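Dumping the structure here so I can ask a few things about it.
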């Protein structure tokens, strides 16, 4: 039993972190709010193999596992990289051009009544998942209204009053895998968001002075930061376990491990986002400081691939079975 | 509109506080764990009119209102006075000897299956309340097992596997009034417990030194104490409002005002009890320090006259009606 | 203790209701573009003018200064009824009505009063507040905007932040440092800055909700006549705090009333949200949380009345305001969490809840972030409650 | 990263399971009267003897000192399997096995080791800990129990608190102040105190749960030979902390496993509690909280494995222990709240849940109060995490 990252995994995380620092610095990321997804940078990300990480080498992928994907997505979340990252990875090998970034794919669960489709305005293809399978629709064919003010300025959403059926591209089992893997990847993004919000808050707490000393010296702030990193560390254990378990290197069923990770992720990321705002005081509520971006992204991810509160209800059933 | 206590009400509270200090000091109170209810002191309490406060003067009572009862019960809770105080007050005028303390009355809601009867070992009469009315049973006739270790050492409980029917002493309306008033009085006791636990914690935080200064100077402790008094003050507003409303001097329906008070009381008193333990550190977990007594009494009262969580569910129905 | 209103109070309420029901149908809705502060100013000052003409302006100002001189309870009724009726909020008149005006009443010279008070009441002058600075935050008294003594004038240089409506204000109540060597509370002076003085640059501050009322002010050698000073030089800290004596526990009345409306709407949303087998309303956990929040808002409404009663009897409220604010922030944040749970993916955009509600629960969720920050962070409030109400020793701040 | 166990680890587990299933049927239940510490000592030391004979005693002690020298992962498996099998807990052997023994291994002389180590492993000697004092609490290094130098002996006077099983212990690892003038961390010495030395008075401390294992020790001129000193005089603070190097993230393994059992039982209780129309299990809010807690315990189990893996690779765990403890305390307190909600009036007595469960959820609820206090309060843990893990500046403690 070895829970530590391998040297290769550490190197992978560092590589992605360096890539994000160089090509997804916060100015470039924020520019996409106005300019839309930067397809050049998206392509660069694809080129490094981020989306094809778990695709077999024979299929043109990198041939790594979901544990590695978890480590990579943690870094993407930490850097607030925008765009349908999860869908791109899920669609690699399934939809032409997803892996290399030339086709931007997004996804939405089928629902009764109107639906909110993330990234519709940036995408070429929308994959709808339901109990019967996976269905593909050209994004342009989705009639709807792009929200004037999406909750997360970097996650555009389009309101669709009735989703079309679409062309089937996967059966029920494929849809299950889609949701399971998507849930793990989203939890990994949340982990990165929680960690990024914590780093931002801790950095500010060390620098900002009030009453003649850094605010991080005050227990009210110090203990809040301690609670933040506590959530991050517990979540990290759950997310890495989920990744390893999807690779068949875990103890539990993948369904359980992924549920656990997503449940923890949904509360930890939002709580760290809120705490990051609070540690920054008034500045934390400004558009200029990134604190709100972490929080908003955390909220958005909670709504994708299984809300924490619904997954918790499902998980409980296992306690009495 | 005047929410302030009148001079008479302030004097009444002070009088009861002084009585408790003199006759229900914590040593005398703790002695009852072993010796049982001190009927002498119980009689003294009755003599001051605590139980007959709201009974009309023509019926031998003091003729005051439920607002005054709230103020008085706050002080009784604060001093951890043991015994079936609420039942005594509810039974005054209904059961011979309840008001003067010569008959000790306790009460239990009828339930399917086994019941836990508080104070059975100390009482002469048990009043059972149900939807049909109020029913009286001699305490001695209740066959059951007195708990070896009641949750609150000063609230003995007897397990009764099947409650008898009893003699009817009130109709359905009387049972409703019994529950409503009992709920308000219990909330007032909880208010006193929350306030008493806060005073105990604050006093300790001022005196106990660690790392060269009183622990109350550390934000972790200071802010905890601030949260305690915040709960107390919000609860106090709700409890006084409930008392005044039962007297026809309120804005809402009595049912709503009392529910609000009991819901707030159930979370505030237990939270203050827990915080009181925590502020005391290791000492807070000892039998010797009173912190655990506040917490345990708070837990016991939450279970009487409507649990907070059940009342909350009922209150919600009003939001959509 | 009697929570019922007196006949006089009920009479006041009836009169107010009658007036509101007469005028409100003709009051237009708020300007749609909430970033258009010029329109907002016009809207809010129009309403202020209507209040003035009906005798409701300066409801808590003494009659000798043009106010109505109402009791705290009447003040409560006024705020309750206007909010329930959906009347405009105080808006751009906030600082003039509630802060600068009362300060002038208490501390200004007769000349200053006669220049400024009436125009505030009539909606002619809009005031803003120049207290906070980027470097001072919770430690307001550490402010560093410098006033150099230059004959009849102060020459002021520095930066202010969180100045609501600076873009459209006529005057600013400004705190400046007139003695850099004195202890931080002892070198501050309170001055009236005309917003058309040269050297003032204003930049809007966008918040997590986007563009709005906030601004930064950059002051570069702004010349302010010493005759605009209120109170003595270096006595500005005391002058600033004198307005607290005007606090009557009424600060959050509109908020409590509107929170109750929001909560009722959340309950209605719960009945509309479909879940696997039924609606969210079938979920006992959700009903329980709705009920708890309802109880807590009700208790906070009682606490408000208690604070107002105390003000009516004693002329002031103690740290009850801090207690209220701590509890209120907690309730509103839990309401926001509940809204998130109820809306699900309908919460992905501000202003479109997929027809579940007309109210903007997503915007409200973001707004609740300010409740533990603005007007004294919860950390500072807990220090205040711990030290002033409980007498705990001061430690590190 | 591979969470599966190696063949060697699985082999270790199989062997252990085989042994446990062979011996446990003959192990009696814990003595019913949990206030009878003599019976408890006999019970726990009997089990220790059985472990010794089977080669499981001192599982993490180096082989050269009589231990099994297992890896951290084997240690984890050992604790997991014994807890799942319902084997006795370490009990009175706690201090000897986990604290005093490892300290002696690291710091004692050969003579001290040969006197003490084997009897600890065999269950012959029971140790207790004399560190905490009434006045020192979270500020352990401020301890004031005084050792006067008197030739070959120290003469020790003072008071210790929270000394578990002092009543039945043979030896005490004791911290005393040997230099009152030095800075507080620099004047402390670690000594072995035989519990039969004259001048030791022991008084039990009852807790919120009633009588139990805790005691106060009053030391009145207790004479301890200097040859019982471990490490140098005034170096006791370092000696005490050396045992942390033996920490392998295993401290809460039994607790996590038993918490999972408690949680599953709470779920079963929910299916038995009748509510207006059905059972508590029909309440989505209750199911949701059960599910959340299940997830959090599962994550804490993963975090435990992660900490153990780190210990296996690097030989030590960092502040991961504090992180674990903060999160674990929170989960257990929420479990206690849920138990309260589920049991209702069946929670009015310790040990009688009106047939809803055989487990003592009320006693467990009281026990959870200690989780934010014992072995470093949560306030202290947050200081540690904030300063050591995050590098935040020290302020007031």
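We just call them A, B, C and D in the order they show up, numbering each chain from 1.
To be clear about the criterion, a contact is a pair of C-beta atoms (placed from the backbone, for glycine too) under 8 Å apart; a residue touches a chain by one contact, two chains touch by 3 or more.
Remember, it's a predicted structure, so these values are computed and weren't measured experimentally.
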### Summary
Intersection of contact sets, chain B vs chain C, gives A, D
### Summary
Of A-C and A-D, the pair joined by more C-beta contact pairs is A-D
### Task
Select the chain at the greatest separation from chain D, using centres from the mean of Cα atoms.
C
#### Entry: Interchain centroid distance [CA atoms averaged], chain C/chain D, Å
52
### Summary
The distance between the C-alpha centres of chain A and chain B, rounded to whole Å, is 50
### Task
Please report how many Å separate the Cα centroid of chain A from that of chain C, as a whole number.
38
### Task
Could you grab the centroid distance between chain A and chain D? Build each centroid from C-alpha atoms only and quote it in angstrom.
39
### Message
Could you pull out the residues of chain B that touch at least 2 other chains?
### Response
213, 217-221, 223, 309
### Multi-partner residues of chain C (each touching 2 or more other chains)
284, 288-289, 379, 382, 395-396
### Task
Quick one: label the inter-chain contact graph as line, ring, star, complete or other.
complete
### Query
Which of the residues in chain A come into contact with chain C in the complex?
111-116, 118, 145, 147-151, 155, 157, 159, 208, 210-211, 213, 217-221, 274, 277-278, 281-282, 284-288, 292, 295-296, 299-300, 302-303, 307, 309
### Query
Which positions of chain D touch chain C when the two form their complex?
282-286, 288-289, 395-396
### Task
Please name which positions on chain A make contact with chain D in the complex.
1-6, 9, 67, 202, 205-206, 213-214, 216-219, 221-223, 225-227, 229-231, 233-238, 240-241, 243-245, 249-252, 256-257, 259-261, 263-264, 267, 308-309, 311-320
### Task
Give every residue of chain B touching chain A within the complex, in rising order.
218-220, 223
## Note on the structure
Residue set of chain C touching chain B in the complex reads 1-6, 9, 73, 76, 263-264, 267-268, 270-271, 281, 284, 287-292, 294-296, 298-300, 302-303, 305-306, 308-310, 312-313, 320, 323, 326-327, 379, 381-383, 385-387, 389-396
